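Every chain is named by a letter (A, B, C and D) in the order it is written, and numbering of its residues begins at 1.
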Amino acid sequence: MNNATFVTIFYIFAAITVFSAAFVVFSKNVIYSAFALLFTFFGAAALYVFLSADFIAVTQIVVYVGGILVLLLFGVMFTNSIMQADLKTDVLHVVPGTLLLVVTVGGLLFTFYTTGTWKPSEVQLQGSVVERIGIETMSRFVLPFEMASILLLAALIGAAFLARYDNVHNNEH
Amino acid sequence: MLSLIVFLPILAGLVILAVPSSQKQIIRIVSLLAAIAQGVLAVLIWQGYDASLPGITAAAGGAPEGSFQFIERVPWINLDLGGMGSLNIEYFLGVDGISITMVILTALISIIGILSSWPIQKQVKGYFILYNLLATAMMGCFVALDFFLFYVFWELMLLPMYFLIGIWGGPNREYAAIKFFLYTLFGSVFMLLVMIGLYFSVIDPLTGNHTFSLVAMASQENYIKDAILGPDNVMWRYAAFIVLFIGFAIKVPMFPFHTWLPDAHVEAPTPISVILAGVLLKLGTYGMMRINFPLFPEVFQASLYVIAVLGAINIIYGAFCALAQQDLKKMVAYSSISHMGYVLLGLAAANSEGMVGALYQMFNHGTITAMLFLLVGVIYDRAHTRQIDRFGGLASYMPVYAAVVTIAWFASLGLPGLSGFISEAFVFVGAFSSVTTRNVAIVSVLGIVFGAAYLLWSLQRMFLGKRKDDAAYDLEVGADGHEHIHFHDWKGKLDLDARELVMLVPLAVIVIFLGIYPMPVLGMLTSSINKLVEVLSPVVMTALN
Amino acid sequence: MHSLIQLSIAVLLLPLLSFVILIFFNKRLPRRGDFLGVGILGTTFAISLYIFWSVVVQAYDPAFRVAWDFTWIDLGNVPGVGPLVIKMGIVIDNLTAIMLAMVTLISFLVHLYSTGYMAGDPRYGRFFAYLGIFTFSMLGIVLADNLFAIYIFWELVGLSSYLLIGFYFEKDSAADAQKKAFLANRVGDIGMWLGILILYSQFHTFSYQEIFANLAAGKFGMSEAWLTAAGILLFMGCVGKSAQFPLHVWLPDAMEGPTPVSALIHAATMVAAGVYFVARIFVLLTADALHVIAFIGAFTAFMAATIAITQHDIKRVLAYSTVSQLGYMVLGLGVGAYSAALFHLVTHAFFKACLFLGSGAIIHAMHHEQDMRWMGGLRKHMPWTFATFTLATLALAGLPLTSGFLSKDAILAGAIGFATAEGGGVYWLIPFLGFFSAMMTAFYMGRQIWLVFFGESRTHLKPADDHHHGHDAHAAHGHDLHHEESHGVHEVAWNMRAPLVVLAALSVFAVYSPDPLDGAKGWFMSMVPTPATVVGSSSGDSNHSTAASPAHHTGILLAEAVPAGAHGAETDAQPEGVASEGHGAEAGVHGEAGAHEFSDPRQAAIAHAAHEAHNPAIMISSVMVVLGISLALVVYVFRIIDPDRTAAGIRPLYLFSFNKWYWDEIYQATFIKGSVVLSKVLSWIDTNIVDGAVNGVAVVTKKVAFTSGGFDRYVVDGAVNFTAFFVNTTGALLKKLQTGKVQTYVVMLMLAVIGYFIYYFTQLIS
Amino acid sequence: MELLTNIGLNHYLTISALLFGFGLFAVMTRKNAIVILMGVELILNAANINFLAFSKFNGGMEGVMFSLFVIVLAAAEAAVGLAIVINIYKIFRSVDVSAIDTMKE
C-alpha cells in the first residue's frame, strides 16, 4: 500500500466520519440520525485502524455498532411512535450553539495548528497491538480493568433497575 | 459530689419537663425532693469537710489538692487560637472554708424557697424549671474554681431570675426585671474582659500553660511579670480591680449601684425575694473574696479606705432609707442594703476578725433576711397590702406571727443571742482594729442605732398599739378600690399555718443557735479566712515584688 | 471546776429554764405556770444565798476571787496576732456574790408579788417568762468575766426591758415607751461598744483581767486620750442603762410597764447594772474620764431631783428619784468612792424596790389610779404598806439609822474628799449638787408620803376627763371586777405584802453596819474595797504625776499575789501567765482592805481626804435631810406655804421642772425629727437622684438607641435594603438564565470554558 | 500540499475536533434526549480518536488502553443514559428536554 492510496483511503474515511457526524447532528429525523451515527462509528473504526489500533477498531464496531447503536435505536423506538409522522426533533439555542460550534472547533483547530510543538516520538506504534493490550491489561492496567468491570456491573444493574417496568411507581406519578 | 449537688436541680428540672403541666403537685414534690437531696448532700459535704485545710490558694507545690477539698477537675474546652496560644478551660470544682459556708446556705435557702413557692399557681411547670435552673447556677457559682466556669454560672443565673421576676412578679414586674437584668449584665461584661486579661497573665505552675484556674490566679508568683495584668502593669491592674469590683458591687448591691434591689424585691414573688436576698446578694461579696481581692491584693490594700467608706455609706444610708419606707418589703430591701454594708466594712478591715465577721454576716444575713421576706410574704398573702400604716395591733390578731417577727426583727437589728449580732460585732471589731478603717468604723456604729430605729418603729406601727377594728380595716383596705380579702374574713386562720411554720421555725432555730454557739459555722471558715488575710496582707506583697 | 462556779452556772441558767418553759407552755400549765417561775426563782435565790454565805460570810476575804472560762470562739491562727480565741467565763468575787444575792432576792420577791399584782391578766404566764429572761440576762451581767459577754447580756437586758415595758402593748404610750427605752439604750450601747473596741484593738482580748494586766504593764499602744475616750465611751453604756443625763429620758416613760417590772428592772437591778459595769471597769478609768463621770452623775442627781418635786404620778416621782439616786452612784464612782457607790447601789436596790412595790400595792388598791393628787388617807386602809413605804422613804431620804444614810453619806464624804484632793474650785460643785439633791430628795419624798397616806381621800376630786389613764390600764389588765370608785380600798394580800416587809427590813442600818453613822465599819465596804487603778494618774494633777511605773506595779502585784495563793488554787480553768498575774493584781488590790494604801497618789489622796471628810459629811447631810423634810412638812402638813400659789409665783421654773426640763421636746425636735426628716430626704434622694440617675441613664440610652435606631433604619439598614434591592434585581435578571433546561447550562458551561481559553491564550501570547 | 498528503497528528486532531464540535452542538441544541445521547457518543469518539492518535505518534500504549476503557465507559453510559431517558419518558410522556425543566423551581 503506497502512500497515495493510504492518503486517499484516509481522506475517504475521514470524510465519511465527519459528514455522517454532521448528518447526525443536523438531521431533523431521529431515525436518520441514528443511521448516520452508524457510519460515523464505522468511519471512526477505520481511522483507528490507521492509528495501529486494530483491536480498538474491532471493539468499536462490536460495542458501538452492535451494542450502543442498537440500544439507541431501541430508545428511539421506545420513546417515539414510529408510525407517527413527526419524528423530527426541534432545536433550541441554535444561534449560541452554532456560535459555540464555530468557536470551539475554530479554537481547537487554531490551537492544534499553532502549537506546532507536538514532538512525535521516533518510535511509533507499528502493526497489531492486541498482544500488548493483553499484557498491559493484565499488568499495568489491571486495576482500571477491574474497576471497569465493576463499573459495567453497576451500570448493568443500574440500567436494569431504572428501565424496568414498574407499575406501582408509574401510578404514583 | 460537687457536680451532683450542682446539677441535681437541673436533673429535677428535666424530670419536671417530662411531667405534664397539669400535675402541679408532682412538679412541686419533685422540686422539693431535689432540694432536700441537695441539702442532704450539703450536710454530707459539711461532715466530710476538713476544717484545717486553708483553701484560697494552692497548697505548697501548686496543686489545689491539700488545700481545697472535694475537687473535681477535668479539661473542658481546649481551643487552639493559633498565634495567641491555646484556650484551656477546665471543669474545676472544689470547696474551701469560704465556699462551703455559702454552699450550705444555698442548699438551705433553696429548700425554703421551694416551700414558699408552694402557693404559686401560675404556670407551675415553667416556674419550677426556672427555679431549678437558678438553683444550679447559684450552687455552681459557689463551687466553681475555674474563672470561666464561674462566669458561665454567673451569667446562667441572670436568665431564670429575669423570667422569675418578669413573669411571676408584681404589677411593675417588667421594669424591675429589665432593670435587674441590665444592671447585672453591665457589671459582668467587664468581668469578661478582666477574665481574659487574667488568663493571659497567669501560668499554672503544674502544667506551664495559661489557665483560668482561680487557685493559680490567687498566687501572685504565678503571674507573668510583664503580662497585661502582671505585677509590672500597675495601671491595668488598678483598672481591672476597679471594674471587677464594680461588677461584684452591683450584685452586693453597693451604693450607688443599689437601686435595682428595692425594685426587684418589691416586684418579685416571695420565694424569689428570699433567694435574691438570701443567696444572690452574697455572690457579690463572695466574688470579692474569691476573685477580686486575692487576685489584686496590692490594689485591695490601696483601696481599703474607699471600700470601708462605701460600706459605711451602705450601712447608714440604707438604714435611713429604710426608715422612710412605707412599703414593708421595700423597708426590708433597704435593710438588706444596710446589712450588706457590714460585709463590705468587714472586708475592708482586711484582718481576720473583720473578714470572719463579713463571711459570717453573709451567712447570717442569708438566713435572717430570708425570714424577713417570708414574713412579709405571709402578711401580704393575708392582707394583700404591705403598707405599714394600714396595720396596727397585729400582735393581738396573730400572736405566733408576731413572735416570729419579733425574733426576725431583733436578729436583723443585731440583738445578742441571735446570729446577726456576732457577725456585726466581729465586723466592728475587725474594722476598728485596722488603723485604716478605724474612723469609718466609728461612724458606722451609728448604723446599729438607726437599724434598731427603723425595725422597732415598723414593729410598733404594725404589731403594737391598739388593735384596729375589723370595720376600720374594711374601710381602709377597701379604700383604694381594689378587692381585697379583708381581715375579718380570715378569723381563725389568720395566724401562721403549718407550711409557714415549717419554713420559719428551722430558720429561727438556726438564727438562735448560731447566735449562742457560732462555732459550727465559724469553725469551717476560720482557717480559710486566716489564709485569705495572709494572702491579702501587704507584707506578702512586698516580699513578692 | 469550783463548786461555786457550778452553783453559779445553775443560778444563771435556772431563770432561762423558767423562761423557756413558760414562753412555750404557759397556757398548758395550771395557773399559767406562775408557781414554776416563783419556785425556780426561789431555788435560784437559795443557791445565791448559799454562794453569798460561802463567799462573804465564810471566807470573809476582800480578795476572794474564783474564775472559770471556756473557749467560745476559736479564730485559729490569725495572721499578725497568733492563735486567737474568744472566751466566755464566770468570775465570782465578793461584789458578784452580793449582787447575785441581791438580784435573785428582788427577782424572787417580785415574782411572788406578781402572782398577786398580775392576777387575771390575759398574758399572765408570759409575764413570768419575761421576768425569767430578764433575771437570766441580769445575772449574766453580774457573772460575766469579759466585756463581750457583758455587752451581750447588756443588750439582752435591754430586750427584756423592751418586752416588759411594752407588756401592755395595746397602749400606744407603752409601745412608744418601749421603743424609746430600747433606742436610748442602743445609743448608750454604741458608745460602750466603741469603748470595748478601743480596748480590744489594743489587746485582742475582751477579758477584764487580761485587759487590766496589759494596761498595768503599760502595753496600751494608742495615746492617753484614747484611753480616756475608752473610759468615757464605756461609761456611755452606763449612761444609757442607768438613765444618766443625757439619756435619762427613757426611764420615766418606762413606768408604762407593770409596776413589779418597774420595781425589779427600772429601780433595783437593770438600771443599777450601769453602775455595776462602771465599777467593773473602774480601774481603767483615767482621771479625766472619772471627772466626766462625776460631773454627769452630779448633774443627773440634781436635775432628776428638781423634776421629781413637781410630778403628780406616783411612779414618775419614784422614777425621777431613781434617776437621781443613780446619779449619786455614778457621782460616787466618779469621785473615786467606789465602795460607797456600790454600797448605795445595794441599799438603794432594796429600798427603791420596796417603794415601787409599795406604790404598786397602792395602785392596785386604788384600781390603777396613779395620780397622787387624787389619793390621800391611805394610811388607815393600808397599814402594812404605809409602814414599809415610810421606812423605805426614810432610807431614800437618808435619815440616820437607815441603810440609805450609810451609803449616801459615804458617797458625799467621797465627794467632799474628791473636791479637796482635786484642789477645789469647780470641783466643789459636785458635793454641792450632791447635798442639794439630798435635800430635795427629802422634800419630794415627804411630799409623796403626805399626799398619799395622810389627809383625807381625794378620789372624788378627780375630774371626769382625767379618767382615761386609769381606764386604759383597766382594760388592758382585764380588771373589770371593780369599778373606779374607791370604796374597795383595802390592804393587799399576803403575797404582795410579804415582799414589802422583807425589803423594808433590808433598809435598816443594822443589816449592813454595826455603827448607824459609819458604813465604812460595816461588812459591805470592807468586802468591796476600792481597787487600785491600772492607768496611773499622769493625766491628772501634774503635782501627782509621779505615777508608779509599770514595773513597779507588776512588782507589787506579784508580791501581793502570794497571800492570795490559797484562792489561786480555786481558779482551775484560768490561763497560766497573764491570768495569774491578773489574779495577783486583784489580790494585790484587795490585799489590805481598810487601810487603803494606794500606789496611785491621786487615788490615795482622795481616799485620805474622803476619810477626813466623813464627819463633816454626816453633819451636812443630816442637816440637809432635816431641812428637806421640814420644808415638806411646812408645805404639805402645816400648810404654811401654799404649794399651788408658790408654783404660780414661780411659774416658769415650775413649768420647767414639771415638763422635765423639756428634754423630751428637745430630743423630739432635734434627733427624732432630724432623723425622720433626714431619712425622708435621703429616701427622696434615693428614688429621685440615685435611682433617677439610673433611670436617666436608661432614658439617655433609650434616646441614643432611638437616634441610632434612626441611623440604623435609614443609613445602615438603607444600605442593607439597597443591597437587597440590588441583589433582587440582579437575581431577577439572572433568574432568566435559570431555565431549568440542562442544555442552557451546558451552553453557559461552554461559554465559561471558552472564556477561560481565551483568557489563557491571551496570557500565553502576551 | 505536503500538509495534505503527509498524514500526521494534526489530521486526526482535526477530525476529532470536528466530531467534538458536532457532538457538543447536538448536546447543546437538540431537544430530543436520544439525539443528545448521540452527541455524547460523538464526543466520546472524538476523545478516542485523540487518545489513539497521540498514542500512535508517541509510541506508548496508554492511549490505546484508555480508549479501550472509554469504550467500556461509553457502553455503560449509553445503557444507563437510555434507561434514564426511558424513565423520563415514562414520567413526562416526552423526551423533550426543554419541557423537562423542573429544576427551575
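Quick notes on this structure:
To be clear about the criterion, contacts are C-beta pairs under 8 Å (C-beta built on N, C-alpha and C of every residue); 3 or more make two chains touch, one makes a residue touch a chain.
Because the structure is predicted, anything quoted here is derived from the model rather than measured.
On a Cα centroid basis, the chain most remote from chain D in this structure is C.
Compared on C-beta pairs in contact, C-D and B-C come out with B-C as the pair having more. Chain D has its Cα centroid 114 Å from the Cα centroid of chain C. Averaged C-alpha coordinates give centres for chain B and chain D that are 80 Å from one another. Each chain gets a centre from the mean of its Cα atoms; for chain B and chain C, those two points are 34 Å apart. Chain A and chain B, compared by their mean Cα positions, are separated by 85 Å.
Looking at chain D, residues 24, 28-29, 98 sit in touch with two or more other chains. Multi-chain contact residues, meaning those touching two or more other chains, occur in chain C at positions 741, 743, 747, 750.
Those residues of chain B in touch with two or more other chains do not exist in this structure. Pairwise chain contacts in this structure: A-C, A-D, B-C, C-D. Listing the residues of chain A that touch chain C in their complex gives 92-93, 96-97, 100, 103-104, 107, 111.
Within the complex, the chain C residues that touch chain D are 738-743, 746-747, 750. By the touch rule above, chain B contacts chain C in their complex via residues 179, 182-183, 255-256, 258-260, 263, 317, 320-325, 351-353, 356, 393, 395-396, 410, 415-417, 421-422, 425, 428-429, 432-433, 438, 441-442, 445-446, 448-450, 452-454, 456-457, 460, 463-467, 517-519, 522-523, 526-527, 530, 533-534, 537.
Residues 4-5, 7-15, 17-26, 28-35, 37-39, 41-42, 45, 48-49, 52-53, 55-61, 64-65, 67-69, 71-80, 82-87, 89-91, 95-96, 98 of chain D touch chain A in their complex.
Note for the complex: chain D touches chain C at residues 24, 27-29, 36, 97-98, 100-105.
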